[in-house]
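Read through the structures below before going on.
There are two complexes below, and they share subunit A, which is joined by subunit B in the first and by subunit C in the second.
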Partner chain A sequence: MTRVLDQQSRYWLLVMPALLLMTVFYVYPLIQVLWISVTEPEPGLGNYAELFTSGFLHKIWWTTTRICTLTTILTVVLGYIVAFAMAHVRERQMTAMMFCILLTFWLSVLIRAFAWVMLLRTNGMINDLLMAIGLTDEPLRLSRNEFGVVVGMVHFMLPLAILPIYANLRGISPSYVSAARGLGASARQAFLGVYLPLSKPGIISATMLVFVFSLGFFITPAILGGGKVVMISEYIRVAFEETLLWGKATMLATSLLFAVLLVLAVVGRFVDLRKVFGAT
Partner chain B sequence: MTGSEQPVRSGLSHALSLHSVTKLYGSLAAVDDVSLSIPRGSFLTLLGPSGSGKTTILMAIAGFVQPTRGEIRLDDRVITNVPPDKRNFGMVFQGYALFPHMTVEDNIWFPLKVRGISKARASTAIGEALELVQMGALARRLPSQLSGGQQQRVALARALVFEPDLMLLDEPLSALDKKLRADLQWELKALHRKLGTTFIYVTHDQEEALSMSDEIVILRDGRIEQQGEPGALYEKPATRFVADFLGKSNFLAGKVAGRDAETFTYSVEGTELRQCSTAPVALGENVLVALRPEKIVVARSRPDLPNATVGRIAEFNYYGANYHFKVATPHLGDLIATTPAWNCDVEPALDSEVWLGWSPEAAVVVEDR
Partner chain C sequence: MERRLTFGRCMMLGLAWTVLGFMVLPMLIIFPVSLTDQYYLSLPKESLSLEHYKAYFTDEQWIDATVQSVIIAVASTVASVVLGTLCAIGCWRISTSRASAVRTFMLLPIIVPTIVQALALYRFWIDLRIVDTYIGVILAHTLVSIPYVVITVSAALAGFDVRLEQAARNLGASMAQTIRHVIVPSIMPGVLSGAIFAFTISFDEIVMVLFITSRNVYTLPKRIWDGIEDHLDPTIASVATMLIVVTLALLLAELWLRQRRSIARGRASGEA
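Now for the complex of A and B:
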């Protein structure tokens, strides 16, 4: 018995440093955020009441949800197409594609956001091109609005969708599609009836990953939105740094956290999250 | 068609023919000028070692591989360019390829579903197919909850539920253990008789080929080496390859020393042996004779047969039903002989002296290739 305990305590000893780090740098600040949200400027749930009363906050939440949903749908659809191609090309092409994807992943978010500003601004490359080929007479408004934010976010999130979907598609044996075709299914029927359902786990992980990331996304919306499109995290920054409403800022941060947990809980009712995150 | 049972769907069976089918991968011919005609309702086996082209031929018939040259016909219709889903062939894949996200029932419904038949309308057909393979009780299971043998049965049911024009089977038993494989051989054969559908079966297992087929096609390096009924192929292999691949054989290489009306004599290292042959042989010609191990008589004293040699037991194996002896002979090298264990004339002991004998009809002259 003592030996068993000894062995257990040895395990705990090994886990201890990590636990300690987590507590000091993660759990403690989190609790403090929660604490401030119910004590500033005065104790109580006053800050949270604003979630229901403030029309301005409603508008921000609505903007955030709308942009995140749109981004998630576009990212997962585009990501699926790229991942599908990667799973079906030869090894050489696959390596090249993977390199390109990881390359954008390694580039700083800031650089990528500014690159999009360059491309999308009123006298940027895209507008010049559109006018040169005569598709439009005057420059289109492509940035400093939701369009620009979504473009930038989709671009940033794509690898997050491609990688889990690709990992999933790689695991689908080609014999399933052959079997479906051999049994009389057209290419379309084989895809919709067999391949797509088998890629569901990849699609779900990608959707969750992208949506949860998008909710808290900050730099790209701030730059490409140009102050015109305010999402929740941008507003939290303003409340923290400029208007110094810490109570409000921490309340929003906490709400954001619960929003993410809510998404996970809802999805968890339908799929095995442990599988999605590769815990099993 | 043996047996008293009348096939239920014999009217639906079709004949298939291949005309000079060639498949090149780069400059390598996986299938090299193969012509083949498979009669209505027969059970034909493509047998060969790996790389012999048997699977490529099956895939070309199924429509997954496009022949570089040649033509495939179902009855009189050319189907070479018809896509797999328009061919209406039932296929059982190696590893079964059951759809893991569907129940047994839904797997079997799938071919009907893609033909626009609702589950309600398909239920009778699904039930019949399940009964046919004795899987009725497990209709709601997922494939992952089934044993290998059960998955195999579901794959069969799925391939035959839509009354296909042909059944194509790609090494369907190779993943199963030996006993189950033997059981399923009986079942497959009974199923074939019952359905009357033309079966094309691919295997590298000679026992499967011999036990089930009406006709066997032996393939080697993308070409047909020999084809015929199992008995004819086993008794009269044309080449060394066939004699050795379909069953086992001892090979005796010698020179023709004399001949009369039905037999000739040949000498191997000074030993005269007598052999029946219908084909003409010339004096002094080199011949290769294949001799089945079970056709050799193993005896304590010299047997009263035209061909006999003495030797010593170099090795022996006991298989319950049989003994396999490896006998070292002074002039004919090592010969393998098998004899029923219950009726064994000699003491199975290493180094003991035994006589081997065989009649001139027991062996067969083969080409040396």
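Now for the complex of A and C:
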């Protein structure tokens, strides 16, 4: 028995360096953020009062929620189509599709945002093309507005939606749909009544992943919004850099963190989060 | 499964490839732009030119930023791979609910919004006086890479037979010897996958760098960010093209390793 305990504690020695590093240099700073948000400039919940009183903050939270919701809906619908196709084609075509997805997934988010700036800006390529074929006389405003931000965000989030949905769809046996068809259901009925309900876990995981990552997304909205569309993440940076008010910046950061945790807590009741994040 | 090319099937494939085109085309367009003969961002007008690649290789600032990024990425990859691998092995061997709680705890940096961690680390880095230093950036990147190493190594360990480890210990190998000669060689594909993830994360990381560095440390993503913010110089397109090629190489390496891992797992379960 003592030898077993000894063994166990020796294995804890392997875990300790990473655990300590994470606790001291990651968790402690996060707690410090919480702490500052209720102590600066004076102790109390004064900073948080602004969440309820400031019309400007309401506007930013509203913009954030609206863009995140729109992005999530578009991404999950488009992602479902791709995942559905992947689950219904032969190996070779599936591999080609997967390769496109993984390449997008791996490429730096900065480079992807850059590509979209190049395409969407006023004298960018899409406007050049539209004017060349005579669809429009003046360049359209495609970036520095919510349209550009949503396009860039959907582009970033698509792999995050496709991969969990595909993992789910791959596990659905085609015999269920065949059985439904054999019993006289139309293709539409078989899809809506049998296939779609079976793919619910994948849809929930994808929706949650996309929504959570959208909430705190910084780079793409900052670049494609061009300062005109301000979401909470960017506002934290701007508020902080312009005013250096630690109390306000940490209050906003804390609220964002709690918004994310809230979504996770709600969704966690329906799906195994550890599986979604790849921990098991 | 029916394989007839029905109208519905054509619709589905058409839609799916349209979405995939939307995903891939913006990247492909960067390549011709990087060869433009103009001094602003556009498709080549009269001829193809390597001017903007030359601009990258002759500009000390771009080269310097690249070198800094490579140094930081290599250092943080080594640190996160060592720490993450040991942690995953420990948790795997202990395999109690407490160990699995530790593994979940390690995923924290994936869940916390980047802007929140950037602000938090910046504040703490001020107290530690490591703002705008290599060590500060390497430490930050190590912290956010560890989860990915823990995930890939844990996945590799799931296919490793515990009895091999016990056999080595019973034959008198010390814990260090067992890890070095028995465990690590057989989970190498998982460790290398983790390393590729860690390298990519550090090499592309921008949000924390915007907070915790100013003039002294100036990484490649920060230079690209500043370039996009002010004048959209076509040199960025040439840098982006080269980064796409590097990403492609890393992705292919990772896919190859993943295949090796699943072969190893198949073998392990076949023997068990």
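Note that the second predicted complex is superposed on the first by the 251 of 280 C-alpha atoms of A that agree within 3 Å, B and C clash if a C-alpha of one lies under 4 Å from a C-alpha of the other, contacts with A are read in each partner's own complex, and residues count from 1 in each chain.
One rule holds in what follows: a residue touches a chain if its C-beta (ideal position, glycine included) is under 8 Å from a C-beta of that chain, and two chains touch if they have at least 3 such contacts.
In this text the structure is predicted, and so the values were computed from the model without any measurement.
Superimposing the complexes on subunit A yields a three-chain arrangement in which subunit B and subunit C fit side by side.
Of the two partner chains, subunit C is the only one touched by A:Ile236; subunit B is not. In the superposition on chain A, contact is made by A:Gly193 with subunit B only, not with subunit C.
Look at A:Trp106: by the touch rule set out above, it reaches subunit C but stays clear of subunit B.
In the superposed model, the vertex angle subunit B-subunit A-subunit C (Cα centres) comes to 90 degrees (nearest 10). In the superposed model, A:Leu256 makes contact with subunit C only, not with subunit B. By the touch criterion defined above, A:Gly182 reaches subunit B but does not reach subunit C. By the touch criterion defined above, A:Thr122 lies against neither subunit B nor subunit C after alignment on the C-alpha atoms of chain A.
The partner that reaches more residues of subunit A, of the two candidates subunit B and subunit C, is C. Touch criterion not met for A:Thr136: it reaches neither subunit B nor subunit C. Between subunit B and subunit C the least C-alpha distance in the superposed model amounts to 7 Å. According to the touch criterion, the shared surface of subunit A, contacted by subunit B in one complex and subunit C in the other, consists of residues 187.
Listing the residues of subunit A that touch subunit C in their complex gives 8, 10-15, 17-19, 21-22, 25-30, 32-33, 36, 78-79, 81-82, 84-86, 88-89, 97, 100-104, 106-119, 125, 155, 158-159, 174, 187, 212, 215-219, 223, 233, 236-237, 240, 246, 249-250, 253-254, 256-257, 260-261, 264, 274, 277-279.
Subunit C makes touch with subunit A in their complex at residues 1, 8-9, 12-13, 15-17, 19-20, 22-24, 26-27, 29-30, 33, 41-43, 83-84, 86-87, 89-91, 93-94, 99, 102-117, 119-121, 123-124, 139, 142-143, 146, 150-151, 154-155, 175, 179, 200, 203-204, 206-207, 210, 221, 224-225, 228, 232, 236-237, 240, 243-244, 247-248, 250-251, 255.
For subunit A in complex with subunit B, the touching residues are 173, 175-176, 178-187, 189-190, 193-194, 197-198, 200. Within the complex formed with subunit A, the subunit B residues making contact are 62-64, 83-85, 88-91, 93, 95, 97, 99-101, 110-111, 113-115, 158-159, 162, 168.
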